[in-house]
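What follows is a single structure, written as structure tokens, with notes after it.
As written, the chains take the letters A, B, C and D, and residue 1 is the first residue of each chain.
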């Protein structure tokens, strides 16, 4: 794999990760959002794989496979199980309307670019230069976490943040140590399961995933 | 006859015009005043052209004319450019004023103030010292204020507009004066040359303070957000020729002031100054165009679009400063050229638009778009000229607005990778702001032209409208002609603009934008062939027109009733109004505009299924006025109430105050001793 | 070859571009309708049907609404004229058509704006309810599309350091890798959305709607008949084809004539037709699967395009 | 219904349009309209039976569009009117106005018995008369409601396809 193709493939996959994060703000139907999430997991796995192959780092390649399994297949399946009970579930009324969220995503991307200027100077590798995209994906995920109402979109938000962090990790150093990444992934998996249970309970209690209705629970 | 004497005699002629206007009988005073003003404009313009061609500044000092300081006039190439800009607006405006006279311009007061106003506008860019500048600046404010108030007897709105304008312009003047005093305190003399000499050695903090003060002061005159609130009040209330002068020329002088202090005296400065200017420009452009797109009063719309155009010019100026601070002199020059060209274009088309708005007002008696319509059939020439000016401000090729926006876009485009993070972030956002502004401007002026001049008349006034006198049409025609010329062969003026720019940024290599009739950015890759483009468009237009005549079997069109879905009757009330035209934009930008709407439906007594009347009211007021100024005004008023407690009106109480004050002073003296 | 023959070939190329856009535009519309018909299980009208329609419209009577002014007959001619000029100077078949030194992306955009603005005015000229509605919606959509469009141009001009279209195309030819950069791909995605919005296709506007209240573009031209309508139809078809042509030459410029000889121009013509046909087919298939968006959902789409363009610029700064 | 399902169903039902016999009788229309006929449909007071048949005539099964006929939104864009139903008092003026708004050369096609001779509504108090009583009719399609093939035959007679 020549240096230029490596750089461009890496750039494209990293860009896809960010793009997916933005698209989740745009789409309303939860199924579509979950599909986008799966695509993002796939892209993330690709990044890890490409970096791993480039650096002949078997650990990273293993991580890539695990990421593929966890983030592109298992987690989306789990969330789909949650959504299956009301297939038409949509993120109808986000706290910030969609055009504003999209513009905010653009602003966050610019912010990420601005703050990581010094970092990228330290890591002048083709991978290092892409760190802003990872940070941007993380920020956008955080934004989704803040502004979306449905429990499922909250899960998605957390996963977006995690994917962003993972992307930064893959790009910044020679990949995170295998065990750390495993830990993180399992961590998130646990969070997903917990939230799935929570969502199920919510539905049985309130008949919807709408987190705003949690306020009805106090007293 | 030397250039200096040209300047002097021009000024004298202008002042004579004022005196003549005040003394002559009502019938002739406006016309005579106008003719004398043209003489003044011609003389000053010749002097300015001399300066721009030769590149030598004209210096003029007379110690006795003004007590203590003397008058100090220095006509630099930059100033000369603005003199020409003022003259370009002033001549048509005064010509239009002859036909417009019966709307208050023929009062002794106005006939005196207009020539003085024009003369002062011509002299401000030539002021060479703080004292001269401030005197002229204040004269400009006073004359324009008195002209805004021409109609104060009849309309309450005029009085409030006058108050707003007076307060804001004097706050601005105070800021400017403070800035100049700080500079003068640190330098020997009070001439701009001396200021410039010593400004180099000031502490950065002081320089920044001076710049910010100047930005506030001149920004308030230029109608930059958040100091723009007086424009949408004063411009509609002033007589249209005055609005044209204020919007076309006076506002441009505000930007001149920013260039004077920021670039000429302080000689550039740190990056953040210009980022601030860029941000102010972007915000003004967006805010102005958004309100222009949603307002339904024709002159209010034009006033907001003034804020928007000044914003675009400030984007160019800010970009220029940005590039200068990051050591890209070529780009800096390009940005400044863009800013100046934008101002020149704005003077041309906005002058034309305000003047034709005046023609419409005098023909129909209203400026409310919702009351107009069908004017193109009734006032064919005025309508056509308005459409031309509207096309120019929408930046449609081959008119001048397009050239300005192209230059601005090119300067931003080539500055997109200047290797400075702040700049690299600011530039795409500036491009986005410029683009949205351009789009909203199209909305605003398609609305103004379409609702105002096309379709069916929405009121008796509009229905009864007849074409205005020839002088008024000629006045607008002159400015629209300028728009066309500047659009097709901008290379006529670009060398002069570059001369002005190089006087400001001395270390710039010659740009030589003008390549025959083409625009070419030397060292950068960007070419525009406006003349060829215009020729191609004209050719295609005529060719296709002929083609249509040739292909059509039945060339003569049959006049048929407009298709209204077979409705039995078709009235003007079924058309879209300005309000409904702006509704989509208003709805998309709901969070910014915060329109106040109320809809009430009254049913007939017998059954709720039959509606008697539906009334809908929609008002978009200025968010910044609501959020920023009203609270301040409220607080001031409350303090005023408190102060009134001291004024019961009894003479003894007042004498007691006097005694008390005396006692306090005496005791204080004793204590101190 | 001497300069004279250069200009001759350039003029020939320009003419071929105009003709290709004018004729090809109508065929493209017919083709897209045919594809739609096939996917709906119909036979559909012949591919040349739009041409028959236009021919018939030229033989029909001209109508002028009683309130209309000179704007009304002028607008269709201006529309076609501006698109024709744009088609003549844009690098579609060759990188060196006539006046190509001044064929600036920014100028192209504003040239097309002339036609749409005049059409918006003409919509209000007759003084009917629907005309104003269409004009209002059209200019609003145009305004919202503008930021995405100009920022896209900013992103696309980065490689060539110029917004001159032939320069951009040549730079792409010189460095094929630049197409595969995220910067370029984001920008092209945004450009595609803007093209769909500007040319009134689904999901922004339904060109086949019969319900006035859902119309955007159709409502503006509701008053046109006969030759004037023919001009509007041709102009809109040309605009779509021109924009798609620019798009394909930014995605895959290969095949475009870089030298000024007639053979290269011919090859360029063939490849252009092929590329535009492919994109047109894809667009038609996409339209079968999409419904028209509500007017007030459009800001989401166009804001998305804007953010896409912005991501393009930023990722360009990152990867640079 | 998601995109995949749509694809699948599209793939399953390839083409539903029925082939029709080559048109025999070419009723004379204006020669300008050969090969291209845009129609504006006017419901002058129909029971909507004819509307259903017109809809199916332009639907996938009969697909009148393949013969160059198309329904348009404005009479300005149209070459003729497709009028259904007896002309009621409310619709008489609009019908005339619609015809006036149609550029020459133009035709009027009366669809259904009601349009031809008021059908069962003959003499009804709300009925002005048949379409022919209000505007000149060029072609009539009898039937209550007429079969889509009948409508298509009439259209083919004009487009000569």
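Criterion: contacts are C-beta pairs under 8 Å (C-beta built on N, C-alpha and C of every residue); 3 or more make two chains touch, one makes a residue touch a chain.
Computed from a predicted structure; not experimentally measured.
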| item | value |
| --- | --- |
| Between B-C and C-D, the pair with more C-beta contacts | B-C |
| Identity of the most central chain, Cα criterion | C |
| Centre-to-centre distance between chain D and chain C (centres being mean Cα positions), rounded to whole Å | 34 |
| Approximate Å spacing (C-alpha centroids) for the pair chain B, chain C | 36 |
| Distance between chain centroids, defined by C-alpha means - chain A, chain B (Å) | 49 |
| Geometric centre distance via CA averages, chain D-chain B, whole Å | 58 |
| Shared interface positions of chain D, touching two or more other chains | 74, 76, 101, 103-104 |
| Set of chain C residues in contact with two or more other chains | 59-63, 212, 222-223, 226, 299, 306, 310, 314, 317 |
| Numbers and ranges of chain A residues touching at least 2 other chains | 110, 113 |
| Chain pairs that touch, as defined at the top of this document | A-B, A-C, B-C, B-D, C-D |
| Chain C - residues contacting chain A, complex | 177, 180-182, 185-186, 299-300, 303-304, 306-308, 310-311, 314-315, 317-319 |
| Complex contact set, residues of chain C against chain B | 58-69, 71, 73, 77-78, 80-82, 84-85, 88-89, 99, 101-102, 104, 106-107, 110-111, 113-114, 117, 120-121, 123-129, 131-133, 135-137, 139-140, 142-147, 149-151, 153-154, 157-158, 160-164, 167, 212, 222-223, 226-228, 231, 295-296, 299, 306, 310, 313-314, 317, 320 |
| Sites on chain C touched by chain D in the complex | 37-46, 49, 52-53, 55-56, 59-63, 209-212, 215, 218, 222-226, 229, 288-289 |
| Chain B partner contacts - residues on chain A that touch it in the complex | 100, 110, 113-114, 117 |
| Touch list for chain B against partner chain A, complex | 421-422, 425, 429, 591 |
